[in-house]
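Before anything else, here is the set of structures, which you'll find just below.
One chain, subunit A, links the two complexes that follow: it is found with subunit B in the first and with subunit C in the second.
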Partner chain A sequence: MPEPLSPLTNKTVAGHFGAGDAHGVTLGTRRVSSLWQIAGWGDFEAVAKPVLTSLGLSGLGCFRHAQQLGAVTVWRIAPDKILLEGVRDLAAAASEELMVLDLGHTRTAITVEGSASRDLLAQVIAIDTAPAAFGPGEFLQTGIHHVGVLIHCTGPDRFDILVPCTWAETIWEVLFDNALPHGLTIEEAA
Partner chain B sequence: MIRIKCPICGLRNETEFTYGEDANVNRPSMDEQGVQPWVDFVFNRDNPRGWHKEYWHHVQGCRQWVVLERNTLTHEIGNCELARDAKLPPSQASEAAE
Partner chain C sequence: MKRLATGGRIDRSKPLTVSFDGKSLPALQGDTLSAAMLAGGVSLVARSFKYHRPRGVFSAGVEEPGAMVHLRDGGRHEPNARATVIEAFDGLVSSSQNAWPNLNFDVGAVNNWASPFLSAGFYYKTFIGPFKHSTKFWMMCETFIRRAAGMGRATHQTDPDTYEKRNAFFDVLVIGGGVAGLSATLSAGRMGAQVMLVEQDFDLGGAVLSDPVGSESESWVSVVRDELLAMENVRLLTRTTAIGAYDGDTYALVERVSDHLKAPQNHQVRQRYWLVHAKRVIMATGAIERPLVFGGNDKPGVMLAGAARSYLNRHAILAGQNVVVATNNNSAYEVAADLSQAGASVQLVDMRVSVADSTQAIARAAGATVVLGHGVLEAKGVKAVNRAIIAPVDVSGRAIGPAKTLKTDLIAISGGWAPAVHLWSQRFGKPVHDKASAGFVAPDNPDCPIQAAGTTAAAASLDEVLTQGFNQGVAAAQAAGFTGDAGEIPVTFDTGPFWQAGLSPAWATFNAKGKCQGKAFVDFQHDVKINDIDQAHLEGYVSVEHLKRYTTLGMATDQGKLANINALSRMAELRGLEIPEVGTTTFRPPFTPTSIGSIVGHEHGRHFRPTRLSPIHHWHVENGAKMTEAGAWMRPWYYPETGEDLRAAYVREAAHVRGHVGMVDVSTLGKIAVQGPDAAEFLNRMYVNGWKTLAVGRLRYGVMLREDGFVMDDGATARLGEHDYFMSTTTVNAAKVLALAEHLLQTAWKDLRVHVTTVTDQWAAIAVAGPKSRALLSAVSDADLSREALPSNHFTKASIGSVEVRIHRMSYSGELAYEVYTPSGFGRHVWETIHAAGKAHNLRPYGTESMGALRIEKGHVAGPELEGRTTMKDLGLEGFASSKKPFVGSVLRKRPVLEDPERPILVGLEIEGEKGAKPGSLLFPADGEAKGHGDGWVSSTTWSPALGCNIAMGLLKNGKSRKGETIRVINFVGGETLTAKVVSHHFFDPKGERQNA
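This part shows the complex of A and B:
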């Protein structure tokens, strides 16, 4: 079975860049494992709930907080649309009422971490990134460099950014350039 | 800069949205035989001074269509709701109910 390569393989050159000895931001990537989208029409809750229940989840969730259960992360990205990572093959759950899409090959995850990570995000998105407004477990969908992304706050100063693979290099370069004044560390590619 | 309170994502900059069209347009019945109602539907629009309902697409967010009230005179933003929940003009509402 072919092993998918990250579109950022050539970008993630480990090292320290930018301002002096500062280490405000660490950029990295992580492998996106089995990303699926389920979507529906009409009574979405009735058709989606059996799938979610089989994964041990109790409901559809909300538009602001991700659901986390072990290795499974669930984002309700629209009223009738849910993104799931770390789940089994969901193709068998497809029906006329429930659209199931394997998106595992379409997204790259960029990780942003460090004491200045919120400052970096504030430079590239027009949304309040203060801890009180965007805390661990919360997510938002917005645009970086006019590219639609999903940002998930996974820790006090740690974020995963799901970006379309075809725009991953561009987003990486935007984050890289904006992180330089904070002192940037690049991690080895995941 | 307009700031729009998306019902799903919360308060966001206008740059995350794309303008769709006038939300007050009333499509003629599909069995309408007259030319003028179709000409009005396709080509003619009012140019109101004041509050106006518009379709916008949250293309860099939840990708939902919303109906937004905007004051064309002051750029003031009023209510914003999902298009699926919005009250449709009479002919479209009756068609949706069929």
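This part shows the complex of A and C:
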């Protein structure tokens, strides 16, 4: 089995760009592996809980806080839909009450880090990015350049942006151009 | 005009290279362009809009109506820049505009002499009226009018700078960095609220910056600024103008990040457009001085009194040596005093007969002469003021005694002040009239999210400004949920008198006959004279909104800043009403002219809209494909071989598919996972055909309609499992179909247990078509693709290049064909694997152009036919519709208008001759007049390699009965008429023998 190709292979050229004396933003990529969606109806909690429990998680979580345990990250993206990253094949968990969908190739992650990372986000999304409003562990679903994305705050000034693979280059370019005034460092592809 | 040796908030150690019309100006750090002009003795700065009258520097702020110039050059060239707000910088190049051949001798000035014919509404009267029932005269004149219209000229060169947008969220937004705004920020900040203070100037202080250097006010500002800078919860933004107030407590600001530099440095943007979301706003935007109206009040050398004081105390420029200060209120007395102390000979001419001794003493003590009960009747001078005609006046401003002439080079005028309530008005409508200040203010409403403070609220003393600002800050913080201690109000300080006390209602000076002497302007920017308002009144314009539009008063950058109150005053007099009864207009955003660049931000060029790329995109580019846009996608259009153009390439590619085998990237097809126990029922409702019998492992073509009965989309859906379906849509309609499905499931069909999820990104898709496709895929995969094992409309799982894929047996080209679905991360690998294996089978990639040619030959409908105006019947698809179940659009498709037998229906057209038809061409019978919309139109067209002729698909009235008829195909745009034979749209292999092979 070959390695999946990152949609940003052509973009992640390491180097420093933009404002010469500044290092406000570092952009990088991270492969999103094993991404699954579980969805249900009615008593979604009852049917989803066994799946989550088997991963060591206690509940469905909420719409702003991601749950993380080891390599597993869980985002509750709708009342009856949950995204799970870093999990095993969940196909066996499917039932008439619980729909399971492999989305492992739908998204890639753009990582944003640095002292100006919140400023950069404020340039591309109309949501409060101040630390008090969007702290570590929290996530939000919004649009960058008209494309739906999920942004997960993974550290004080660090974010993962899950973007649809076919839109990845355009989002990358938007972030790149917006980051230039802050001084931009591109990391070697992960 | 001269620069003084001392004083001013300028840095004399930092001279700047600044020029105007090639003349070097003695600018210093801290100057504006207008200050540099005055320091350089430039009095004639521009020509006016309509009459091309000489205009000079009239103000010191955003209200400037006349001193508008061309700024910078090359791609950074900017027209209509107000010299009063342009910070001087080293290398600033400016030039005059709206003048030819030059500013001093401007041919357009002839308009001044023709002014009796150019009054309000002259366009309508002069150019449309002469010939009834015809616009020809207007059309002829329009060319010349358009050439003469406007002021500055924009550049066609590309703007080299970048702009950015930024969102921000604050508890309190304070607009205006004067005393009121600083006080408000202080109290709200002390209480712990997140506060943003924006100031359009590059320094904080507002009106205080026009006080003499070293005054009490300066140290007050300094102390407050230091305290604010130390607060982490307060953000101060200078060079930032609040231009708009919008619903949802959203405010637009433009920060001029690099406008004070010759060019942006170190990758910084030129301007930043802020969208600020604030719970409360304190509007401390100050007040704008009102002009007085008299003959020649627009000549260079007539200036707002406050501006004369600003140039003196901020820039150390004495704008005149023999100064007449003309006023109807107390605020001008301090101006007279400061100018007098600076060495000017000052005569203060006050329209009022009675002014408090203490007020008069301010001017007299400094050496100015005070003349009460007089007004300026007319300013004299050709290109600059050299005399003022003054006369005793009554309370209405009418001359009641003999006039006398004063020699002067500066007439500083003050007709009171108008609170700058524009932002409030943008959101909440018309402000209310405040009799005490003779201006319009925001009505008192503590629940309003925008609260005025200071002179914006017509505060009548500095003490009131300070207290009001501080208290508004407290109230705003409390409204945002903060209960901290705001501390003490900072100590106040002395300042000059405000305008309200004893303000005279007189706003213009008339001669004994009640007329202004000479041309007296109300709107300086659009050359609207008092006579124009009178004329509009005579012609029956009683609404202030109509008056505005008929006379163009208050338009352009003025937006009512200078013209509003005086125009309303005149209208009230003419109608015998009070000003509140006349009403006022509603201010609209933006408050000041705003660059298109800042509004656009990054969303131009490659970011004009998002671009979507297939997982195999880079292979196409690396292998020489010409790419084309398909919705948001970039798709391979064709793969030219040496010397081939589009036509040669697509004809070769299409023929190759028919003869051998080709592969095309169809990853762009919309793909939707439909999951749930009620998925089949959902599909039954979405599609016109039935789905309950579709077995796992099979797929089916479907058509879906809109609610109104027109065809919306088509595609194939595969049943992957008991509750799992894989729906494909056309590339263009993918989002529309998903949105409709989501909408219906969340509203009308909440009874269905179904989830729909886009999986377009999950799967890359490759169509392999041609007689050798089975042999190729059998060789490269482990699947049994024999006709028996995989008949049409079935799929199977397989492995290609060690990747698990799904192979669907279906054809879009009319050839034996398959679609290979692979996880998108492996898309390129699978494509390359098939491509490599294909060498033995003479495989060629093909693009969208040849894909289109193949589908037209086969007679499949696509985007050009599914364009929102066609029904199933029109397209020959009605056989798919089930009569046993309801589906979206099943009722409205039966509307009589959609059942009309005369509706154009899908036909094929064999075009005669070498030229192909253009899509959109109209269809007419072979004989008769070609008029109107004809009998139909061409939807898709191509050269058919299989048939060896040009063919097209089109919709033709009574098309079914016209097979064999020769018709005309007329392209009115290109002036081209072709003839065509009407045939079946199934041009190629109508029995489907090739695809079912």
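Assume the second predicted complex is superposed on the first by the 190 of 190 C-alpha atoms of A that agree within 3 Å, B and C clash if a C-alpha of one lies under 4 Å from a C-alpha of the other, contacts with A are read in each partner's own complex, and residues count from 1 in each chain.
Following the convention adopted for this analysis, contacts are C-beta pairs under 8 Å (C-beta built on N, C-alpha and C of every residue); 3 or more make two chains touch, one makes a residue touch a chain.
Predicted model only: the values in this text are computed from it and were never measured.
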For A:G20, select first, second, both or neither according to whether it touches subunit B, subunit C, the two together, or no partner. second
Touching partner for A:H146 - first (subunit B), second (subunit C), both, neither: both
When both partners are placed on the shared chain, which of subunit B and subunit C touches more of subunit A: C
A:I127 contacts which: subunit B (first), subunit C (second), both, neither? both
Looking at A:I77, would you say it contacts subunit B, subunit C, both, or neither? Reply first, second, both or neither. first
Once the structures are superposed on A, label A:N10 by its partner contacts, choosing first (subunit B), second (subunit C), both or neither. second
Is A:F63 touching the first partner subunit B, the second partner subunit C, both, or neither of them? first
The intersection of the subunit A residues contacting subunit B with those contacting subunit C is 126-127, 146-147
Quick one: in the complex, what on subunit C touches subunit A? 162, 164-169, 194, 266-269, 275, 277, 602-603, 606-607, 609-615, 618, 633, 667, 673, 675-677, 723-724, 753, 755, 757, 759-763, 801-803, 823-829
What does subunit A use to touch subunit B in their complex? 63-64, 77-79, 126-127, 140-143, 146-148
Note which residues of subunit A are touching subunit C in the complex, please. 1-2, 4-7, 9-10, 18-21, 37, 39, 41-42, 80-81, 94, 96, 99, 101-107, 119, 122-123, 125-130, 133, 145-147, 164-171, 173-174, 177-178, 180-181
Residues on subunit B engaged by subunit A in the complex (per definition of touch): 8-10, 12-13, 15-16, 59-64, 82, 84
